[in-house]
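Notes follow once the structure below has been shown.
Per-chain residue numbering starts at 1, and chain names A, B, C and D are given in the order in which the chains are listed.
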């Protein structure tokens, strides 16, 4: 087991958002967190990364408990985030985004480097000397993924990575994820294009009001369209 | 009830000191009352309005300088000099506030600080009015009523009455519509705008009122010491007023007066105490340590601590 | 106005601006990364100057004392950060202002207790006490030229550090979006202690270089601190480039104002008016500059965020 | 009643709102939907005056309000609620509402008369509290439950007596019970006030709205009756997932 989340409870001030979320991720698999907006997907991710401290529950990463660790140490242990809203540094150039965080945290034999990211997204190479705040939304998204990749994480987490993108750019992101999957990268995806995720991912977890409402394989999710309507509003 | 008690003590204070042969302390108490007024005026913008003004000494010093300059030009009448001091400080607050309130957060802190320094250097460069050395007054302002303010008893009661009046007016203001809006803006500026308040105008007026009161306190301090000097406008003076407010309690009605009293008494104790021997010179050290302790461990200030105890 | 005067004042502006930059650089990073107002920055400048004066006396050499003073002040800065300032990052600006104001009071008294009330003497390094003749025949104090040289060299190093090194990238990332930097694995606490110590060393450098020109005395940090704040507010909080441009601008406006305005006013107004107006206008010029910049660009010239 | 003409907003390289032209008719509930990041909230910010428009104009009751300050728009009858609850947290519920009532009744540049003595303000505040079903009116706003805070959020906007109310995701983060109550509240409000409703809860939007506009990538791709929107291919493709249409 790469990541084991048990009975996570998290609150922002007075309002509790997570009421006991559990989640398992096996090495090499692609899993998803699904659910409507405001149901606690992003909070789950933030709690795993230590960006929001969980009040209760445990998180184990590669066999080590991390729920009390500071977020930067968790990141260095090999979890990388492509955050909601992309969070590109406006005052760093494209190349700097990649160079600054380049590191082989998972000790891969063929690590991601800035150059390999440029092969993956040629658009970024063209714009490598532009500042973060001069990029279009799609370019920012590619850069956010590239920035996470160069840390060579054990686990890559993408939070709404296709949000607000034009269909063509969205396709490019899907293709990229499929390629990463082929390379054996463990990935946790939050997104709402279920049809696409059923093809791409192995296992799914649906979150509803801070609790796990359903979990299962792609085949099971594909077969059960009432789930789609009930929990995902499709 | 408590207010009556405070009023009684304040009214009796000079007589008791006189009976004890310690008239010096009446003069000291007058200074406390004046700083209480200045601190209360800062608390209006800082505590109630949520505007962290780091340049309040500008208005305090302006009030003092205006009285001193008018005296140097031969105008010593209280009825002219003091209103002009108040109006001058209010005008300075209007100009400084109008520009500063366009900014927020640290920029507001810094720009108010910069404006105060600007006034500081303006007065320093006025060679005709003392420059670096400041300006001495021939005496206290004349009332034209046959009462001389050079009598420390009379002076004490006049300052006490003015402080009481100012505090009363501030109390009314804070509980009237205007005060509610000011506090609402501090709580949530975005929402205050969204329900239809022109935030900028309210903040500016609050800033001006506060500056005017500080100007009055400045006019009084110039009379108290018969002197107006550039240190009154220095940024360290602004910092001292902030210390008073935070010691007493930010946004607590009695925060300003309590803080002024506590800080000045501490200063007096530490700088004159025979216990400290040669270290009495270094009175800022214990004051700094106490301030640090209050800021870190009692952010509600003394008025906050008192309120908690009485609950 | 003669060309020589103009050249001399330009060099003075440069010298003043570069020293301001040394102070402002540390301040703006502290401000930008941790969103922390540190009034005690001026105290580090004072402490640096005192340590320099003492060490120069003890070692008998300016050049031996300088690195020692820088390291010692950096340690003082790191100690201050670890023991106190860390507790203030999450607090509001008012709390930070007052707590660091308290540090000023404490630092001033401690310096007085150790070194007394008299100001200390710090001599320029041997061989740099006299003037030199510049191309064009102008005489200029050699020590002031040294200050310009050192200031420019440090500015270049700092520029390279911030723009070319990985640490510089991480510092900039932290200044624009701290949480994202943390999520990428940056140990912001350690990075910040390093930045703080570096800022303290730059303070000490400014204190050491200016010591022979200005008096080394208690309270020397207070006024220059405000100028440093003016610089970073003009430049945009958190931006090294902004601090550099802001510092040169403030140095230029202040020095030129003081040198040229009285001359201009003497031509425009009667002598009594001019002699009063000249100094007051020139002394507030930089504050007018700051108000104007904030009025037009409330985030400063080179905002680090957004 | 409200008409937007070619409204745009850029942030750096990202076009958040792209030449949006939209008409809200008097008396209707106009739903505005679209995926996250489509620019809906940015559009609301522009209409309410908290963000300036790069280009385009905003007409409210045939008056050009593009350059008016936010508070002036509120006074003219254009109020809004926030997606992230924005209250005077340390004030009581009643004080929150009374402040909003005070904003439009008489001048607040009054320095003498205690507010507490102004019965009319608090009577009206109580009325509004009753309308939005808040029973506990003397507790600080911060101590209310999430659903109650959302109701107060709408109540604050109502207290300004708007003609047009911009509701930014009133159902955000609500449970089913709370959502139901909010839908009831919006139904009652619509009897007197025109609504522009931004909402993620599709069920709610399709039940409440008379007409719906769909925004994708900063652009308005369709406007029409709920049924027409449901059937619109382009909307299905853009909003419900390209795969469904494929």
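Rule of thumb we're sticking to: a residue touches a chain if its C-beta (ideal position, glycine included) is under 8 Å from a C-beta of that chain, and two chains touch if they have at least 3 such contacts.
Bear in mind the structure is a predicted one, so any value in this text is a computation, not a measurement.
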| request: Could you work out which chain's C-alpha centre is the most distant one from the centre of chain A? | output: B
| Whole-Å gap between the CA centroids of chain A and chain C | 43
| said: Suppose each chain is reduced to the average of its Cα coordinates; what separation in Å results between chain B and chain C? | reply: 31
| Centre-to-centre distance between chain B and chain A (centres being mean Cα positions), rounded to whole Å | 55
| remark: Each of the following residues of chain C touches two or more other chains, namely none
| Where does chain B touch two or more other chains at once, residue-wise? | none
| field | In chain D, residues with contacts to at least two other chains | value | none
| field | All touching chain pairs, where touch follows the definition stated at the start | value | A-C, A-D, B-C, B-D
| If you look only at chain A, which of its residues touch chain C in the complex? | 49, 51, 70-73, 75-76, 80-81, 83, 87, 89-92, 96, 99-101, 103, 105, 133, 147, 151
| field | Partner chain A, residues of chain D touching it in the complex | value | 12-14, 35-38, 142-143, 146, 172-175, 200-203, 217, 238, 240-244
| note | Listed in rising order, chain D residues that touch chain B in their complex are 48, 50, 69-72, 74-75, 79-80, 82, 86-91, 95, 99-100, 102-104, 107-116, 118, 156-157, 159-160
| Footprint of chain A on chain C - complex, ascending | 166, 169-170, 172-173, 175-177, 179-188, 239, 304-306
| task | Would you mind writing out the residues of chain B in touch with chain C in their complex? | result | 46, 52, 54, 99, 102-107, 109-111, 113-115, 117-118, 121-122, 124-128, 235-236, 239, 242-243, 246, 250, 279, 281-282, 284-285, 287-289, 291-292, 295-296, 299
